[in-house]
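Note that the chains are named A, B and C in the order they appear, and that numbering of residues resets to 1 at the start of each chain.
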């Protein structure tokens, strides 16, 4: 176990982590500026996770929220376990070979999203009583008004919000890795995890199709709830 | 461009002279007490009375209050409003606004919850105002934290402002080339790629050379590391840490006993 | 036995087809100051990485032949041991800032902290190294607030402070003005005289001519020429192979064809050129 953790970290990992954290925060802020309905604040975490391993990804995620919370926005702080598991799960998925083509990356994004929804639920319930400072809490509030239990309402919100965000995040991370020089990738602990297989353009379209479909389903479900 | 991301204010105060670990434990004690103490008014007293006094003890009162007004209060107010309106608890409605209403219970819950958040953030703010990041890291490294963690934390604090400045430059450069950062959803989503690309690739390509540079300076050396700065750890510090640990245990114990 | 010894070293980066270093044989004596020059893609930086242990330990790839420094074989050593003996500073100063420190003084101490030098000795050594490279006045500045030239000096000092037996420098003055360049060459010369062995990649031929003991001309991964600075730097072969040469050499070569340069040896520096043109004698000025 200890040696496995150690295998995630070489000098390039240690140099990459601060850059990844800065990417998380800077891109997260650009997205807010563009008023897009996603967070995209884990691109760096996913990059570290797939290039270096789950433990390096987990560390990057946790440190992102801790530093973000302490230096910029206090509301980011309590969510560090969510970021931890996003990194861990992305790393595990990559280990299982799910970061080698567009549709597999989309699957990784979806699994990571589920993880995030599960881990964030108790934090939202225990620390914030279900209503957090995030905009998505309007959905939770609505679900609560319709008489749903607090756990159910919070988890449903996470399940609605997370997939679009995390699938997009994973795909951006994949696009970045495809754009990096091979030699640069080769220096990280797990370059074999991102060796692209197949690589036809069609796959990208299938993956994008999956994302659009998910957005539509989410929107439909949401309308159903709000309309009902 | 800011050279670094640090709240630290160099002053000569009792708080500044405390060992960083002692201060960290003080922060932890405040947070745990605010969340765990079974008395309703505990977080309020901590937030309104104890923390301001602490900031003055650290001679950073002015800086603390300005941070509190600019950052902490707005965040806490927003959280308070969200929870007061949307917590579905209680019967007795004390305030109505169209379809929104606040009950006595949701008001009290939201108020104490907001105060807890204020305590948490304020405690950290005072800690950061009176502790230099490299001082904290040197001390934790001396106590056995792997040196690589110190490297990660400090270099993040230095890279982040640079990256934010770079993001600003890229945004204004792309805007001047006619990139739409306002407008419809798809326009804004389309703007993302030309913004993120240059920001990310430049810094990722640097990784290899930066790794070489620190390895050339013994980053992976198996020697026991030493530290340039000596971080004082007095007997007062040790005594205070015992006291704080006792307080934490007491509030946990009280919580379990009374519930 | 030479202090640095390359025997038939051939090296290929991973995922590439052609070797960057081809059958390099190279000997450097202790305390010698060697300058390496060559056109882009000649393998200069790779040679530096090989000396400093990063080829092959950091980059992996395929290597054959043997690299020895101070009697130790690179193939039998690890990178963290190797860097204790061999210091490396390279071109881009920004990437050489550790990022882990807030002041120049702390930045220079970073390497010493890593290898466990006691606190008092550390302070003395940092002070001494900063005095040597003339950056004492920068001690309390943030490394990120400095100019490129100042950062290069900090990078050089950060390596010098570790007191390597072999100092490898890859274009360490690329962002410096002539005054800074002169000072750096002066420092390096002084270190060599005190017994440090120096291998420095550099384009600034006039400075090489003035300071280096020997020049190695590298081309397409092979040693094209080596010898005394003025022999190598004035060789007819260099401009043909795309090496940058001194403008004084070019002028004198033209003058030679017109019968105006009467010395045997072509000049590299302004001083040599002026002397050669003004002295009437047919004998060499060198």
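Everything that follows uses one rule, which is that a contact is a pair of C-beta atoms (placed from the backbone, for glycine too) under 8 Å apart; a residue touches a chain by one contact, two chains touch by 3 or more.
Only a predicted model underlies this, so the values are computations on that prediction, with no experimental measurement involved.
The greatest centre-to-centre distance from chain B, using averaged C-alpha positions, is reached by C.
Counting contacting C-beta pairs between every two chains, the top pair is A-B.
If each chain is reduced to the centroid of its CA atoms, chain A and chain B end up 22 Å from each other. Chain B and chain C have Cα centroids separated by 45 Å.
The multi-chain contact residues of chain A, meaning those touching 2 or more other chains, are 18, 183, 187.
Chain B has residues 151, 155, 159, 162, 206, 210-211, 214-215, 219-220 in contact with two or more other chains. In chain C, the positions touching at least two other chains are 58, 99. Listing the residues of chain B that touch chain C in their complex gives 3-4, 132-134, 147, 150-151, 154-155, 158-159, 162, 206, 209-228, 230. The residues of chain C lying in touch with chain B in their complex are 49, 52, 54, 58, 79-80, 83-84, 87-90, 92, 95-102, 105-106, 109-119, 122-123, 142, 144-145, 155, 158-159, 162. Per the touch definition, chain A reaches chain C in the complex via residues 18, 182-183, 186-187.
Per the touch definition, chain C reaches chain A in the complex via residues 13-15, 58-60, 99. The touching residues of chain A, counted against chain B in their complex, run 9-12, 14-19, 21-23, 25-27, 29-31, 33-36, 40, 43, 47, 63, 67, 69-71, 73-75, 77, 128-133, 137, 140-141, 144-145, 172, 176, 179-181, 183-184, 187.
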